[in-house]
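Once you scroll down, you'll see the structures, which are given as structure tokens.
Common to both upcoming complexes is chain A, partnered first by chain B, then by chain C.
Entry: the complex of A and B
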């Protein structure tokens, strides 16, 4: 790499904002970018019959990126390196987010083919735009600058707007895409406005510099500038939209229901985790001084989000819509983890407690990827076989496809948080972090909400195991096999069980992932 | 009165007049055209302020791209003239002026209050923040060129090898864009790429293979809805339908011939 560096410095005498090593630190992102571009090009060249191979190319890209991220981790496990003049940060937080997003990408590819072929959705472009979306999320996860946060979020969001409208023959798809797009650009405008205010108040877009500026302003004047609070509020609104928190959730049900089901699965986990990554990066790294203000806002929003998501999900007959509201509710649970960042009994900077809070968010996001894509995966299986997505369509699933019913039951138990599944540990870590931060009231509301959510998840389980299949649905049954979908469901079920029975390695990785944030916070406050 | 002030007055007055025209004209095409004039005049004001890069962007992006888009949409949707100014709905006639006055008061306050400073005046201090660096770059580059002397080429003030010369902001901006802000700049180009791919995928015609099964009127540019009678889309659909029918007939004929 130093060799390349030498050449570059000879050829170009101007200031270089990066070196050859910097490219090594963005290697996983680079691999995903190349894969995404290759997918579009190869799609044009390949004859129509052999286009199934595109899925393998996409998988190869994601696995390669995962391997590159793992290599960088094993080369230096305590790495914290900023590149491209502070735009991109390679640390363990970046790594954990990359793992989440790449797994989302892999599972998203695996559940797509059969469904999309039946509905004439162009597969090459689907894979490619999905890969671009994953790239955007990875950029958000590793961002060290408001500008990188912004372009990353936009890259992932615009890709998902397009994917939502991919089923061109379906009016619901166009409607969902349009609603998502219009509300999304509105939220983007608010987000950028918040970033502009932050820049105006602190004079920098670099997150660490922002943290330092706010801390120094805070120490010199007793009353904080209200402008920075205004900026924080605008940023929270923007991020709240991306993670679908109440009251910024109105686009969610229509977009999820209208989008092709594999895309609903992808967008219910990927952009949400990216939104949380951005929220944590900006709030924890950039505005730790204001944490008393933003945690209380997030706690209140978490209560609203959990309650509305779960209560409305009860009334849904369409399983797709029910999963949309359930994903809103899960946003609420994850927000409990973010709200636990500050101890409500007076300010303390106990790093272990703060680490519990952020690492619970990370591990919940990871577990949520598996269980939610799993539930959507069985829905896709059902839609492939007989077309419907209502609760009644699940009647008698255990009779004609016992393994699919078992997998669905496992995912739903995990979503409801019943041991020994991964979902139980996700909720356990989040609520434990909240109790340690003296947020008992929030924990109680969360637990009550979990009880409510069990009702509508178990309703589907009851339909699968105890209700007989109607004659009409029997007549619609068209057996279809899909190797990719089966592989995805096997991976998901194994992952849910492993994370439920032996969560230690993943938890360790999540705790490592949260650590670099606190070093930044300490440096901003002027501590060693 | 200096010539510069005279030129400014001309540009400013024209900008106000054409902006009023944008609101007052009935025909949307006239509104759009007067918007072009308003943008061009504002670009002139930018040049007077020494911000020639923003002036160029103003002309290229607003007058060039966005206005053409407006006109295209009007042409495709066949927008009719709207209601005259005194017959607007309450939201437009009641709420609009209030908002306008609020903005006016805001601008006047900003201009008159000397105490209005962002970041307690820090933004223009030559400390290490990006804003200060950019500010320094902009200030110096109006009359000063950035030439590589002893150190690497950066825009950090006079000490780093800035010598008197004449080059505008555009060079300074370009250098920053391709060095400090390279990463977001490249990602922005990827965003444009997926926008192009997405637009093509969503808006292209159905492939020949699914034409046989889909209803002929549900294809085409109109995203699944049946186009209005006599519109461009209807004409296009008709053309496609007749083409595919002709193709089918030709196929039948070849089958018969083979028999």
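Entry: the complex of A and C
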């Protein structure tokens, strides 16, 4: 343990300080925080009848945060600013993640009201806890320090544990929440352990500092390797739980199925994207030197994740559970993008290639937000109308609600990756990054998986368009209109088509978002 | 000029308009769809008339580089000699398909025409797109509406057929997508620029390494072979065809199968010249198997539509045979032949392949329409049942006549378009190896067997009137050569002069001399009511078969207006092309020359390299 002491002696305690500028750079986070607090307070003041209006307050907060993020971007598009002594970083990667999380938040608000009111779920708390979760994710996206990663992940996770169990009278909800909570806590423990090891090995919790330490000691010390590899493995397991990668996915189906559907929609995209943001921040900024090791692990996990997700999804009769497995499969596709970040020695000459890898993860996560919330949105619509969430409940949807069926078909085709939808472009871009990194075998498995996935997505389309509606379902039909849900679905369908046919602006933003990471990597390796 | 884009997106506009129309206005919807397709057909005629057959490269080009610059994809449309023919075929067949669905489609009319028009968008786009990304979007866009057409308006096993069709073609496409991305990086490695532009990539195609060509060829070929479909990837086709509604079958056979052939012409040959030469024997082998196998299996099919579907497998085999005989022939460069000589020697195979694509669209489309005509009247496609029900020739002379034309065209009778393509393709195959041509020539005999036997059973069925066959027990009258003298009744009084003309036509084309008297008498015996009752023939029924058969089996009105308007123009087009094949062949000189030039350039390059190594 002597080497540990040696490293510990190198640690220079830095004095934590911050200035007014720092607050400007966390303006979007600050707005979400204020919104979350206001929601609790206003919920107490407002009479019960008018609490539906809280949705507007939450929306206002998210849109305000989005506007603030946009303002910071337009003020300085190449911004890369470290605040709060390296805890929080404002750069374009942060921005892109904020966009993903805020859109998740907005859509999550829009799809909730009717469903929640029907099931007597208190809206004020729901919105408020959701806002805290979004805040946690935003902190993860902008984290420059393992501490910030941890705080962000926990803030968002704990909020989602609560949300999962929000339907208190529903046994499935409680069961899912408990499973999610217990496994999540274990994952957190492993994650913390990994962070502790990392700190022990490098003497810092700051990601850039960790990167520098590993790069400088990588060549000189051989002890370094095994210890830091262990830390890396622990971190990967921890993040693997958060993104629901196989074999750390076991909580997913139950949690998604048990949670109220709007929450399933929210937690299938938000925390997952946050997990990827953390993974990329820590692995790319902190451990670029070890990328040969972690990319191969991620590639193997990606194969397992895609295959298990898709194969098991085929056997599901509950659409909600099917979407849970489909979301596992999509984790796998995104991991293909992460795995494409292969380089030999920390700094590769082909930065464009690594940029493709990270930007493919970003763009896919963004597209995935729309298509997955869209699919859950129609499920919510269906549950509002007649209660069920089985494939058979979709029978004849195209007859009695052609527009909903069309929207569902669009989302499902997008999830299956069929043009001209955004899902196709996302997959195209991910596969492109992987082929460029000589991972042809991985993309072939990915492509075959996408064909398998088409099978179960198609089952729902078949039910909607080809099967007649059963008498039982006709009798259960209670027409319900929801302005918010309709608005969400319109936004989603337009976004899916725009991202499929004219993805260039979003793609440029994603590529910008990937750039700051490489400056960090370069700096860590001592290059200009 | 945005001619190509206009043609591609006009159907989309039509589809949107139809979606906005009120639900109950079925007829209005039909008219909107018809007008849209007519306008596009007009534009496609305008395109082909303005097309310069003697100029190399693409025409009517539209190119906006900044569609998705980050991945090097631009919006590029354009047509060459091959694709302009396919655009015309699209335009023509879709008008007929819309007319052919007029009466048979009575349920969910709006959705039907929206799907049809979306399918049109995809099919037009596939033949015009000159950018890989754009091409792939259109390529996959075709899948969804077609699966809906089969799955909603199809026969009893429609869902199975639709899903099988969708998944089968999707698997092939995904591997093609990977090959496209690989191609993109291969281009990047060679030039350090990103592009997905098809002509640009084609220009440097000869520089790709042989291993790369080999694997990329296979990935592309799988996607296209499934679409063509080439044996052994054909199994989705009989199901899809059998279950699809009539118009869907027409489009499937006429246009969608051509997507695969077109892919071979546009991508496999020019992009991978080495691999095309190396793998030509494999593809020729598969094509020969497809030709013979399709024909043999067709003979024994009990279902009319399934039979026609298998003839498609056989005929599309000729396309692949022609294309790869062409590729195989182009390897002659080693003995010092020039481009001109190579072209002169081998262009027949290419011409034959593309000509077969065009003529198959007309003839097989026509055959499917003919099956549809019978199905609308009897609600069955089972050959035996039709045969035991009535003698169709007596009741539907106009139908019998035009059906004869398609039969003869399909089996390769000279003067009808089917002959030209098969002849040229076999001529090309002969240059590869005489035995191949010898083997495939048996397909023509087999075609005569399955087509004429089908015709005999369907048209010359049981001579009795009105008696409905309830089962297959009526073997005594089986093949329908018994003299139907007992059934002769007074001739209809109101037979118009037009009808008389038709009868003359039908007698002179169809009847054999020794059978003349009795059959002519029988055809005069067609009772008047069968003509007048045509309106209450109940279309758009379920697929129950027997009950409908009992109610409507006896009512055999001859072709109605819609059927006239679809069957006869198509037949006329087939005959015109059979007599003047130059109308199509003239478009093919330049494309063939260009492909040859690529092969020769490539061989030159290899020769130079060899010389350098030698020094």
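In the analysis below, the second predicted complex is superposed on the first by the 501 of 528 C-alpha atoms of A that agree within 3 Å, B and C clash if a C-alpha of one lies under 4 Å from a C-alpha of the other, contacts with A are read in each partner's own complex, and residues count from 1 in each chain.
One rule holds in what follows: a residue touches a chain if its C-beta (ideal position, glycine included) is under 8 Å from a C-beta of that chain, and two chains touch if they have at least 3 such contacts.
Computed from a predicted structure; not experimentally measured.
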Could you say whether A:122 touches chain B, chain C, both of them, or neither, answering first, second, both or neither?
first
Does the superposition put A:57 against chain B (first), chain C (second), both, or neither?
neither
Is A:88 in contact with chain B, with chain C, with both, or with neither (first, second, both, neither)?
first
Applying the touch criterion given at the start, work out whether A:203 contacts chain B, chain C, both or neither, answering first, second, both or neither.
first
Contacts of A:336 with chain B and chain C, given as first, second, both or neither:
neither
Please work out whether A:148 is in contact with chain B alone, chain C alone, both, or neither, and reply first, second, both or neither.
first
Once the two complexes are aligned on chain A, which partner has more residues of chain A within touching range, chain B or chain C?
B
In the overlay, answer first, second, both or neither for which of chain B and chain C A:418 touches.
second
For the complex, which residues does chain A have touching chain C?
398, 402, 409, 413, 418-420, 424, 428-429, 431-432, 435-436, 440, 443-444, 447-448, 450-451, 454-455, 458, 462, 465-467, 500-504, 507-508, 511
Per the touch rule above, chain A residues touching chain B in the complex are 13-18, 33, 40, 83-85, 87-88, 120, 122, 125, 128-129, 132, 135-136, 139, 145, 147-148, 150-152, 154-155, 158-159, 161-162, 165-166, 168-171, 174, 199-206, 209, 213, 217, 225, 227
Any idea which chain C residues touch chain A in the complex?
66-71, 111, 133, 136-137, 139-141, 143-144, 148, 151-152, 158-159, 162-163, 166-167, 170-171, 174-175, 177-178, 181-182, 184-185
Which of the residues in chain B come into contact with chain A in the complex?
118-120, 122-123, 127, 129-132, 148, 152-154, 175, 179-184, 187-188, 190-191, 193-195, 197-198, 201-202, 206, 210, 214, 218, 223-224
